[in-house]
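Letters A, B, C and D name the chains as they come in the text, with residue numbers starting at 1 for each one.
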């Protein structure tokens, strides 16, 4: 019924800056690793919400011309993760609607587990959905709520919602950030000049020279407008439950999420691995790029030299045309190629932090074994 | 008169394979680092040359549909480096022409220094140039030559040419590779099954599981057709003169160029730097990605821990929209962000292998100093 | 609040034909004169509705590939008239939504006068509008209705609607056609093989070799499904009130609308004009193309020769770039040029059936006067 | 070897006007009927030639932005007729080259019959062709000529050329117009303000308010530059031989070609037909649009009423998707539909001026017979 999980999205919002859309573009730029399928920005000039969104990468979508079509002092943006299934333009966030209280835009990182049930109920009362995203139920719950203010309606709406959400909402005159009671997904608050910023990770603050203030706390709702930041905790308390994949793989190593630096955590993971499973070897190599910190930690702890035994090709595109005549362990080779000189004749420890089913790992191991077994560069005549 | 130097281009050719265009596409894919402005492939089915070329990256240009429009058993391809100036579609290589002896395609890595003079002469005899590339003089010299065979005409033509060239030529029935007498640019010969391959670097051989045979030697001309590979040295001998930037910056670390592995050379550069200018420090960090091997070499030689103190954003696009309100040392921050936890309170040695004018270096140094001087993550309230 | 009147749109629907989308494409093709801004088709394969729509002309929008993405035995289509204002893609019809009863598509020719009021009410109950079209209120009224069947809900919805509508609705399993109680806009029923067709004008029937059965009557609702055509008159009777512009200008001369052939009516208008205001003249000319029938009628009645004194350029595009240095009465000349030989020295009666404010007419008159006053082709040396 | 005949192209040139490219755009606009496949303009600012060309219609290709990229006081343009075969972008005219004497652009209406022979000779001397157009031999003959000035080289070149040509050439500082010794294709000279204009037909002069001066005569060469118009007759005299299809079908009825108004000639053709083959009938109808003048002439001469018995759909696109289930005489119906009311029960004379193989005519006749035999609009229940 709904799109697959898209827990790995990035959200960014700013209130109180004359270049709000441009800052949001920069924020999405630095959060690009959280979603490469599509991106969008909605800005407000106090009277009207403006929207630009499209399939593709932030740097390709947002031209100067497009940024200029996003006037105003506040904006929110969203990077969507590439899922199979409904990769269609109606599912690009932020979702922007007009309803009884005016305009409203929503950017969501998380997963609403009872969305199917809520949708069926809402439709029975006449709601018409525009997308196949679970996030849209939040919008309709707000529109159907009989309470008076946007603030009350949002709280009313989210009380029906189960699941994870780091959520940004933008109306004509306020920016609202909410983190689910478990705090499953990250959300941080920053400040640049007089403007406030909300973002999935601190790397987005760094790029725009914003200072990091603090995390939005689990179950917290912040309302940012001309009067500053108002915090409240309108939801029932719940057990904190952070997603471990943020540390392992999702977040950028230079970010702080859940109050800790990702690079340091990853390096410590490597050290711990060395303590738990020490092996005699000549060299420790990472599967680049994400495996580098853990491999460095392992190498330091184990006292074995670190080397960059595999080179990653950063120009890899979305699609890839394989020749009809098969080539050995192809999928891996497009991205990764061993440095034979650095591996030949050596016992190699390889550290990978993004093993999903292990099929790729097998190919990587085979590739490394071949390189380690190779004579200098093999010559044929 | 001509386009700027485009010495950093990549060339790839294959003869004798049913998937020639697809292999060439893969070869260009792995040589993408040598040129990102445009790419093209010309294939031959024995009767006719077929061409597909465009501005952009290999992965974006070549769809399955386009590969299917490149039938035949032999092909050459070219990656063009982004120069300012004449970045126009008529300058995309391979150059493909029809002349008295049939079709002829050319892919050139190098720089012809007397191209202006040759062009003026050729035009005086009625030649009409189609592009503003120096490479086109080679084509017209071949067309104007009064000798009988393509082979003779090529030798005749190149005897007038001064400068550097690793050159691939494709006619309906043969693939020709030539390296200038100085051997300024690299060119290697490989074999995949029964097919022969010519490429700028060995990383292109690795991707398609081709075996590395040897370098094409300075001043050598190889003619590859149904009878195999015929080698000759038709030009006057010259002093060997390899371009040092191939080792420092152009080539991929997993490649072998000029007979040596690039990664090992770069690491040795780092070691040598440590020997020449040793400094007391707490950590050695690279400017990623290209600075990693030299930084590792330096760290090993100096006995100082290596760390990844700067993270590179690999999603950076071609254009970038800066906010009107300036942000400190912006240009660098889009690509690079320090890991404050890894730098704070430390004396840092930073290794960069691609300093051009040093303006970027100043910004990087300032960024690192700020991070080293930072308290934990700075908090504001 | 809503888009400008778009009374001149064209609608077409077919039920019971294996090539339903292709027939609809042909129908829109022949109704292109009723709207050139955008076009769309929604088809049903019995389980799911499929939609293709875009800005532009039918012949440009619908490729074979797109038609193939519209499977099924029933379809509706819409040509939208170019209005200033909200010419945006969300306003392209057919409108397609999913709601509690399943999928529903709507194509509307007409103008709902109380749409603003209805929209405000619907939003108060939580409806979220997707477009700025008055037509969308019909969809939401249907979704909000508490009645059980689609048929009942449509009748319920339209009882709140005031204004003009020739309306086609398509669900997964039925095609519904409705004409407002006044019958302001045309709608005809035809048959091709075993399939039934609904269209704004009979010229759409002619193109697909469909037989003309009859007009849908004012206030009539026809439901077409596997059981055939079921007619009902669920609305209160009203005074018939046909839009006279259909005869004068909107409809194609080869069509039958409101039971009469447009060409014959226009010719009769010309005859009547000759009776009412006879003038002595040497020649009667039309402003082509629409003025031809009336001019022929005038000429016949008045006994004055008819001639084609003005030639129309049919390649005129949407935009037009005028030179900075002005040219006399330019706007007209792009489309129309006099045949000086046919006019020189003559007293000319010119018949125009599409005068709006008369500014264009003044330019045409001046152009004709100049041509009539011209010597042979003026020569300069 | 070469492209099919493209005798129906349109050419336009202007010298001495600050809006030269804009006037050329207007000229091509009004000559669009002579070629709809592609169009291009080359302008000169005295120092450099500027080019914009593409597949498609003039109104679609030339945006304000593109016109602004064509600065200067002189320009030539070309409309290319849609041929099957080599409809590729390299064949769009004007051809623009740089050669020993500078830049040169060429726009050609006609057909060079010995182009194959000339091309083989030119290639033997080292020429490299860029297109598959016969017109390109003229450019290479000019480049290969050993004479000193452009003017001399053009005469030298054309002395080798056999066939038809109305030719415009533009260098940095002059506009040259040439008509072949037989005068097979039309070319007229006009004046707008102080600027001179060359065009295929006078309708292009009318649109820009230029005065018609005279035809360029068969075998005449006019050189237009800052000194005015210099005429010469450098070629051997030949029998005049005008292409009759210009009168019958190619040219616009409001144009003067070969010194005569096309509309009047066509009407006279109709009168002559009536004299030669008189038939008793109730009505004379044209196959629109081109058949109207001849039908009017026939009707006048025969004393039979003229009527518009067939309506043409002017929105017909290039491609057309037919339903799998055949529809009777389809190809014709997309464009033409009978007005049954005007034909029923009548004996009909139909005048068509563009019969090629007669297959379309058979379908039209059948369509008219059906309409004439029809009762009022046929009703089915």
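Just so we're on the same page, a residue touches a chain if its C-beta (ideal position, glycine included) is under 8 Å from a C-beta of that chain, and two chains touch if they have at least 3 such contacts.
Values in this document were obtained by computation on a predicted structure and should not be read as measured data.
J.: Could you work out which chain's C-alpha centre is the most distant one from the centre of chain C?
T.: B
J.: Cα centroid separation between chain A and chain D, in whole Å?
T.: Here the centre of chain D sits 58 Å away from the centre of chain A.
J.: Roughly how many whole angstrom separate the Cα centroids of chain A and chain C?
T.: 48
J.: Approximately how many whole Å separate the CA-defined centres of chain A and chain B?
T.: 33
J.: Between which chains does touch occur?
T.: The set of touching chain pairs is A-B, A-C, B-D, C-D.
J.: Please give the residue numbers of chain A that touch chain B in the complex, ascending.
T.: Its residues touching chain B are 17-19, 22-23, 25-26, 29-30, 32-33, 36, 57-60, 62-64, 67, 191, 193, 202-203, 206-209, 211-214, 252-254, 256, 261, 263-264, 289, 292-293, 296, 300, 305-308, 311, 313-325, 327-328, 333-334, 337-342, 377-381.
J.: For chain D, which residues count as touching chain B in their complex?
T.: So the residues of chain D in touch with chain B come to 97-100, 123-130, 139-140, 143-145.
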